[in-house]
Each structure stands twice: as structure tokens, then as C-alpha cells.
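The next part holds the structures, each set out as C-alpha cells.
Both of the next two complexes hold chain A, though its partner changes from chain B to chain C.
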Partner chain A sequence: MTAAGLREPAAAKGLLILVAVAYVALMLLLPLGAVLYEALRKGWEMWWAAVSEPDARSSIRLTLIVAAIAVPLNTIFGVAAAWAISKFRFPGKTALIALIELPFSVSPVVSGLVFVLMFGAQGWFGPWLEQHDIHVIFALPGLVLATVFVTFPFVARQLIPLMTAQGSSDEEAALTLGASGWQTFWRVTVPNIRFGLLYGVLLCNARAMGEFGAVSVVSGHIRGETNTMPLQVEALYNDYDFVAAFAVASLLALLALVTLALKSAIEWRYSDELAAIH
Partner chain B sequence: MPGAGRGRRTSPLPGLGLSLGITILWLSFIVLIPLSAVFVKSLSEGGHTFWAAAASPRALAAYRLSFGAAALGAAINCVFGLLVAWVLVRYSFPGRRLLGALIDLPFALPTAVAGIALTALYADTGIIGRILEPAGFPVAYKPAGVVVALTFIGLPFVVRTVEPVLAEVSSEVEEAALTLGATRLQTFSRVILPSIAPALATGFALAFARGAGEYGSVIFIAGNVPFKSEIAPLLIITQLEEYNYAGAAAIACVMLMISFAVLFLLNLLQHWQHRRAA
Partner chain C sequence: MSIKVEHVSKSFSAYPALNDVSLSVRAGEFVALLGPSGSGKTTLLRILAGLEVPELGKVWFGKRDVTADKPASRGIGFVFQHYALFGHMTVAQNIAFGLDVMNRASRPSKRDIARRVLQLLELVQLPGLAKRYPSQLSGGQRQRVALARALARNPRILLLDEPFGALDAKVRRELRVALRQIHDELGITSIFVTHDQEEAFALADRVALLNHGRIEQFATPEEIQKAPASEFVKSFLD
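Moving on to the complex of A and B:
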């Protein structure tokens, strides 16, 4: 009985679709369009001049460096955490999962603050670091630490449900057939989880490159030195150099669009393998 | 879950020590020890200083704005997020996949980019601000701007939480309701809404928690005037810039406690949701 009564009248359906599309267009699409419009308002030459200017280039380089350190670290952690949680039974597992997800509910500003309290001039290790001339806050290590904190749960959170649902029978079979532990991991587990892993790394990277609040606290905002791309956007915006601010922002918007496209491609093509995540 | 519930001793897989070791070490160094610094530092100058900073009139006004705007934004998203999820799950229409992919834009778009884009739209020269401002409803540089930014940030939390649950509401119960003479609207409010209520509440809590700590998308569009349009994360940064570490830590402490309370509530909600699904 898929009677007509189970569906809304065509007019109601059309209206609901229209409102949903209009809301998404107004709330999400319009801001995205605004970034691209403002960035290209004065033409491609101005856009190119803004993104190829030395401070902008240095901010792009810094953003890539920070992500290149933070993302692999959290990937290794994520795989290790998912392996321990999905393949074994031990007390306190639920609490461990909750602790791994903790950074999601911490304000980005607090995520940066914690490292200032530890490594800043008045922090726990501040005097010691100063004596040994090691710079953490207002330098690259601080930016990396804050980024690692903020992106901490991304990979683990995708892999834990996926690997739990997959169970360990494939791995057990490989071990029975004489494979070593590492062989089993690389040849059985990694191929099984590759799309979930890719998905987690993708989201982790997007957040790592786009993080603003946490790195803002630890950066010191030195142009050409400790400004990542989002911080450079803020600096240019506060100088009323709107075209340049939106030009750098448009690169980040592009990153977001590429991330969304890849994410959707993974979801559509490998929905079965990822079913456990959603 | 087959294979997931094996005992530790009977699991033939290697690597528990290594993977759990990495997990706990990384979790401690990146998350637990740094977070404990906030609590220790906030109390380092005594309870009196803590309360003077954490409960100052300026801090109270900032909490009210951050948490109030986050609650309002999350409530708006519950209405429109449910509508969008409904349209995505129940109807097929051209562009549905694109609409579905776009929902995650706030996850992928760096917050600073969202912030300057929303400001460009809602300022008195922007295409939305040009309409709203003469109509006596200014948004940019007002508390309303904070709500707009948090509504932007929170939409995917509600849609993504409600979507899978809505897809699983069995058509049998809807058919039963229809057979018993319920109208479509009655079926929605008496049958469908109760079964998705836990998911909707979870989405609200997630959007609320994220919004309360949000910084990047808000500071550009908020006026940042103390007592009026200054959010709590910004006040932390202001305290930090005045080298008032204990004050910054005290406000961070209050925000953390509230996030933890929300997190605890979320776990209860998920428990409720699972029991309902079972």
C-alpha cells in the first residue's frame, strides 16, 4: 500500500523542496559566491598580485607545512586508536572514545590557550624553554600543536565505527595462513579501510589548513613568518585591503570545494564500504 | 556486531600494546595534559581571583551572548535542518545530490572565510544588508550578526544527525497511521516527529556546543563591543593580550565545564536514541 496518502500533495512537496533549496542557497551558497565575487571584483590581475605577493606566498607555505606535519601525526594516531578499540576488548573503552572526541567540544580559542598556558612566557615550561632558546609559542611548533589538538579526532572517528563493523575475521584468517602482524596490517587491514581512511584524512586536512581560532592564539601574527592563510586573511581584512583578503580567502574556498567534491565522490562510489560511518 | 566482542585473551591479533600505547600517549600529551593546564592555571591565583575573572559582569555578558546566540542558531537550524533533511531523504528531484553535498560546506569552509563573506553580505553595503538595514533590522556588527554566523556554522550538524534516522523511520508505521485514519500532518507530528526527536535533540546539542565556542566566523560580523556584542572566546583572547593568563584560564574553565556538561547530555541522548532504535 504505497497509497497517495503516504505522500504529500505535489504542491506541498514542491513548496518544501523550494524552501529547502532557497534556504541552502541563501545561507550557504550566497556566502561562497560572495568570496569569489569579492576576490575577482578588481580583475584577475589584482587577484594574482594579491595571492603571489611575498607575505601571501609565505602564508601559503606555512599552511602547507603545518598541515604536512599535523595530518600524518593524527593519521598514525587515528589508525592506532581504531586498531586498539575495534580489535580488542578492554575496560574503559567507552571513556577512551569519549576522550578522543573531546577536542570537538572545546572552543578553538581554548585549544590554542592550553598551549600558551604550557609553553608561553608565563607558562609551565616557559622559563625552561627560554633558557634553552626554544620557541614554541609564536613559532611553528605552537602552530603545529594547536592544529594537532583541533584535528585530533578526525581520522580516529571515521575509522572506529568502520573497523568495528568489519570485525577481525579477515585479519585472523591472514594470521592463520602464516602472515606476520605487520603483513596482516598492510595487506589486509589497510586495503579494507582505505576509503574510510582517505575520508578521515581529507576532513582532517581541510580543518588543519583552515583552522583559525586556535592558531590565532599561538601565532603572534608576524606577517611573512607566523601567519597561516586564515590569519593572513584576517590581517589583510583588518587593513581594509578587502580585495587581497578575499583573494587569499578564495584559495581557501577552493580548498573547501575540492574537499567537498572528493568527499562526495568517495561517498557515492564507495557508499557500501562507508556504510558503517553513517 | 560479529567479531567485535572478543575477549582480550582470546583475540589472536597482535598489536594491542603498541596501538593502545600510542593512543594513550598521544591523547595524554596533546589533549589531557594541556587541558589540565587550564584548570590548574585558573586556580593558581586563588579562588577569589578565579571568581573575579570568571563571573565579572563583562564575562557574564559574554557568556550570555555566546550561549544565547548558539541556542538561537541551533533552534533555527532544527527547523530548517529538519526541512532540508526531509527533502533530501524523502524526495527525488534534480539537484538533490548537489544539495546534499553542499550541506557540508560549513564543515569544509575555513571559519575566517565564512566570517568575512557573511560580513560582506550583511554589512550595509552588502546585498542582504542593503535590504535589511533600511527595514530597521541591522545585522552586521550587532548581536544578530552572531546568530547569523552560528546559524551558518550549525546547519550540517542538524541535517547530518537527522538524515539517517529519518531514512529509517519505517513506512509500516506510517501506513498504519494512515489506515487508522490519521492525516498526513497528524502522522508527521504524532508518529514521525517523536521517533526522530532524539536525533533532533542530538543535532541541536552538537550545533549548540560548536556555536558556543565558535570564534572565526563570528568576530568579523560581531561588533565586538564589551557587554554588547563581545563573545566569550574573544574575551579570552583579550585577557591573554593583557597578559592576564589566570583570567583567560578562568573564563576558559567556565566554557569547558559547560561544554563537558553538553557532552555528557549528548551521551545520554545517544543512549536514549539507541534504546529507541532497539
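Moving on to the complex of A and C:
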């Protein structure tokens, strides 16, 4: 067959591109645009009033606190898990990988219910927690637990293939050169995985701030106390307070855009190093 | 420094990688560990480096039992087949790494480290490349940098795992000559792993031929050629 015969006709090419662009516009850009449009429909002042109102402020603060606890925890455990899986041989390794991915395949609602089952008033540890006046469900600890559970895989999954591909010889070289384990980790391992790590942390953070299902189950929806931003959006929407709902939602959309921009910037700047990840 | 390996055994899951191996290397000697893949030669080298721990047996460096010592405290230099240079560091930073990680009390001053780096670059015939990154170097140049890095702390023992394995024939010959010169100049004890018989015989004072985790013969190239110790040695030489 000639080279021309291998090429698809110009019409097919044009149609495919059109379909792809139209689909993206319809499914992704239109909703995003609608959120921003609705949020600003009554002007910047109304938007600002909606996001600076006490309950909204409390939801923003709570979302930031939850992410500030959950993301570092999952970063540390994600690096540790990826390290163990990629650098050592041990029985049950495949099972551990499957377990790390579990939160992706479990419905977020179930992820939330698990914690209610354990720490709720009727749960396994409920009576003991009540005796000691410790509040997990309908309080910050429950929100953090549910978020940690749902966002656990992001960092580990990003790092496992990268660290497996890199092998251990750089670390071994550092050890034979007299470096301690700690020095080897900070001076050799972390620089080797820095972009994969950053990438994983970004995705983990975006999900931690945006999570609805699991958090909804353990939150109790107390306005100004246990409502994170996504929950606040729903509460406002159910009150028919559309401008306020979309105003808070626009902040979440903004977070998505910032994440996307950072991710693209990393990809563009360090495309060679990232090629090893995928 | 002399090296003594006494009755070392090591197995990976089921199969034995080393089976009751003993070896005595004199100070200043250049020794090749030669054998087919899976013969245990790399495992033996990694045990000498402390990157693997033997199940049985002992390793002595001079009068010191180093069997339980960590790689960092053995006073060795190690060169990897695929260089294992740190990609985010310049050539100079790579070479200085072993000195930079020393504790403050024994670490040389910044100026002394910089001087040592230049001296090592001179030794491996790469002057002027200090500011480059490993990705900007050819394979032969990278392995020279790896060699300089391994020598930075003045090790008494140099261990090389298939050091020419990833290089083409011409570069391989050049680097071989350079390595032998450096070995003689520094008076260190060197052990290198190879599966290339010609390379082992051309470079080493004595060659240890390994097969199935055992040393079949350990002698000078001339002796091995004149009197192969076993059927395996004879067939490997053909």
C-alpha cells in the first residue's frame, strides 16, 4: 500500500477532530462555564458576599484543614509504600499493591460508611469513644479519616511504576560512597522522584478538597462546623440559594483549574523526566 | 589491601547463587571474576561490597572481619555497569558526593573538595567537564565519571560490576587501558566482574572462573590456558 493509502481521508480527520472538540466543549467546558456564569450572574459583590459569609468561610477553612492533614499523611505513606514495593522483595507484595488501589474501586459512600460502622455511636468503638468524650464521626477526625481513605492511592500509584523503573542502583551507589540511609533518601531518592511526587501530591490534593461522597456520610452536615466546601455547595443548592452555591462551587472549579495549570506546567517543563512515569 | 573470602554461601529463594566459595586476593592485585550469567560472579562482588549479606562464611579485608559491615564503612569504591550517576547533579557534584556526605568533623573543606574533584577528573582524563550533567556525556565518559566518583574517598579496594558492559568495542579498549593505569598508579586492589574471557585475560593478574556458584579455577591467565582445571574451564575457553 502506498503512503497516501495509509493516510485517512481529510474529511474523516476533520470529522474526528470536530467530534472530539465538540464533546470536550459540551461535557467539560460548558459545565465549567455555567458554574462561573451562575456564580457571577448577580455581580462580583454578590459573589464576594457569598464566599465571605461565615458559613462559607468556615467550610473553606475546614476544607483547607482536612487537606492539610490528609495530603501530608498520604504523601508520607505513599512514598513509604512505593519504596517498600519497588525496592524490596517480600511475600504478599502483589496483595499490597491491590490493597493500595482498593479505594479507587470502592464507592465513596461505602468508604464513609466504613468509618461510621467503626467509630459511630452504634459502631465497634462507639461506646468507648463516647466514654472518653472523643468525637470522630460528625467531627474533624472523621472527615480526615474518610478523606485519607479516599485519596490514599494517588501518591503511591504515581510513584510505584517510577521507582520500579529506576531500580535501586542509584541508592546502592550512594551507600557504597559512604552515605547513610537518611542521606541517600534525601539526596538521591527524593530528587529522582521529585516530579512524580509533585504530580501525585497535586492530584491527591485536588481530590482531597473536592471529595463529596465519603465526607458526606461522616460529616453530619452541621453548617459552620462540619460542612466542607463540596457539602456547603450542596446545602446552599438545596436552599435554592443558587448564587451562593455556585459562588462556592466556583472556588472549587478554580482549584481544578489551578491544579490543571500546575500539572501542565510540570509536564511541559519536565517532559523528559516524566516520560519515565507513563 | 588484601581480601579473603572464607566458605561463603548465599542463595536466592531456592537456587544457590554461591556455594561454599573461598578466595584469597593479595594487596594490589587486579582480579577478574569470570563466568557465564548466573554463575554467581556478581553476587560475590556484591557480597564484597556489602550490598548482599552471605548466609554462611566470612569476608576479611586485611586483618578486619567485614562480614557484617555496611557498604558505607568498608572503604571500597564500587562501579556499576550502568554507571548509576546521579542525574540531577553535575559531574563535579557526582564526584564530590562521597566527600560531601562525610560527617562535619572529617569532611574536607569546600576548597579541598573542589581541588580533589579537579584532580580526579585529571586522573580519568576528563578535564573541563566538571559542570556538565551526566545526560550530556557519552557512555565512556559517564563510566569515567563513575570511576572518579568511586575513587574520591581514596578506597583501598575497587570493585567493578561489568564496568565495560554497556560500551562499544573501541571505547571499551580505551577505558580498559585507562583502568589498568589507574590501578597501577594508585596501588589499590581491584576486582571486576565480566563474562568476556578476552577482557578478563587481557586485564587481570589472576582470573577466578565461576560456574554454578563455585570457583572452578583461580589462577593467572597463562596457567588457566596451559592447564584448565576442569571440563567446564576447558569448554568455556573454546
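In the analysis below, the second predicted complex is superposed on the first by the 275 of 278 C-alpha atoms of A that agree within 3 Å, B and C clash if a C-alpha of one lies under 4 Å from a C-alpha of the other, contacts with A are read in each partner's own complex, and residues count from 1 in each chain.
Criterion: contacts are C-beta pairs under 8 Å (C-beta built on N, C-alpha and C of every residue); 3 or more make two chains touch, one makes a residue touch a chain.
Bear in mind that the values here come from a model prediction, so they are computed numbers and not experimental data.
K.L.:
After superposition on the shared chain, which partner residues are touched by A:K263: those of chain B (first), chain C (second), both, or neither?
P.N.:
first
K.L.:
A:V106 in the overlay: touching chain B, chain C, both, or neither? Say first, second, both or neither.
P.N.:
Only chain B is touched by A:V106; chain C is not.
K.L.:
Of the partners chain B and chain C, which touch A:P127 in the superposed model: first, second, both, neither?
P.N.:
In the superposition, A:P127 contacts neither chain B nor chain C.
K.L.:
Is A:P72 touching the first partner chain B, the second partner chain C, both, or neither of them?
P.N.:
neither
K.L.:
Looking at A:A20, would you say it contacts chain B, chain C, both, or neither? Reply first, second, both or neither.
P.N.:
So A:A20 only meets chain B here.
K.L.:
Once the two complexes are aligned on chain A, which partner has more residues of chain A within touching range, chain B or chain C?
P.N.:
After superposing on chain A, more of chain A is contacted by B.
K.L.:
Examine A:K87 and indicate which partner it touches, taking first as chain B and second as chain C; both and neither are also allowed.
P.N.:
It touches chain B, and chain C stays clear.
K.L.:
Quick one: is A:G43 in contact with chain B, with chain C, with both, or with neither? Answer first, second, both or neither.
P.N.:
In the superposition, A:G43 contacts neither chain B nor chain C.
K.L.:
Regarding the shared-chain residue A:R187, is it in contact with chain B (first), chain C (second), both, or neither?
P.N.:
So A:R187 only meets chain C here.
K.L.:
Taking the superposition as given, does A:L175 touch the first partner, chain B, the second, chain C, both, or neither?
P.N.:
A:L175: touches chain B and chain C.
K.L.:
By the touch definition above, which chain A residues appear in both interfaces, chain B in one complex and chain C in the other?
P.N.:
The answer is residues 169, 172, 175-176 of chain A.
K.L.:
In the complex, go through chain A and note every residue touching chain C.
P.N.:
Per the touch definition, chain A meets chain C at residues 169-170, 172-180, 183, 187-188, 191-192.
K.L.:
Once bound in the complex, which stretches of chain A touch chain B?
P.N.:
Chain A reaches chain B through residues 1-3, 5-6, 8, 13, 16-17, 19-21, 23-24, 27-32, 34-35, 38, 73, 76-77, 80-81, 83-90, 96, 98-100, 102-110, 113-118, 120, 122-124, 145, 148-149, 152, 164-169, 171-172, 175-176, 181, 184-185, 203, 206, 209-213, 216-217, 229-231, 233-234, 237, 242, 245-246, 249, 252-253, 255-257, 259-261, 263-264, 268, 278.
K.L.:
Mind pulling up the chain C residues that touch chain A in the complex?
P.N.:
49-51, 70-74, 76-78, 80, 82, 84-88, 97-98, 101-102, 146, 149-150, 152-153
K.L.:
Mind listing the chain B positions that touch chain A in their complex?
P.N.:
Residues in contact with chain A: 1-8, 11-16, 18-20, 22-23, 26-27, 30-35, 37-38, 41, 80, 83-84, 86-88, 91, 93, 95, 97, 99-114, 116-118, 120-121, 126-128, 151-152, 155, 164, 171, 174-175, 178-179, 184, 209-210, 212-216, 220, 232-234, 236-237, 240, 243, 245, 248-249, 252, 255-256, 259-260, 262-263, 267.
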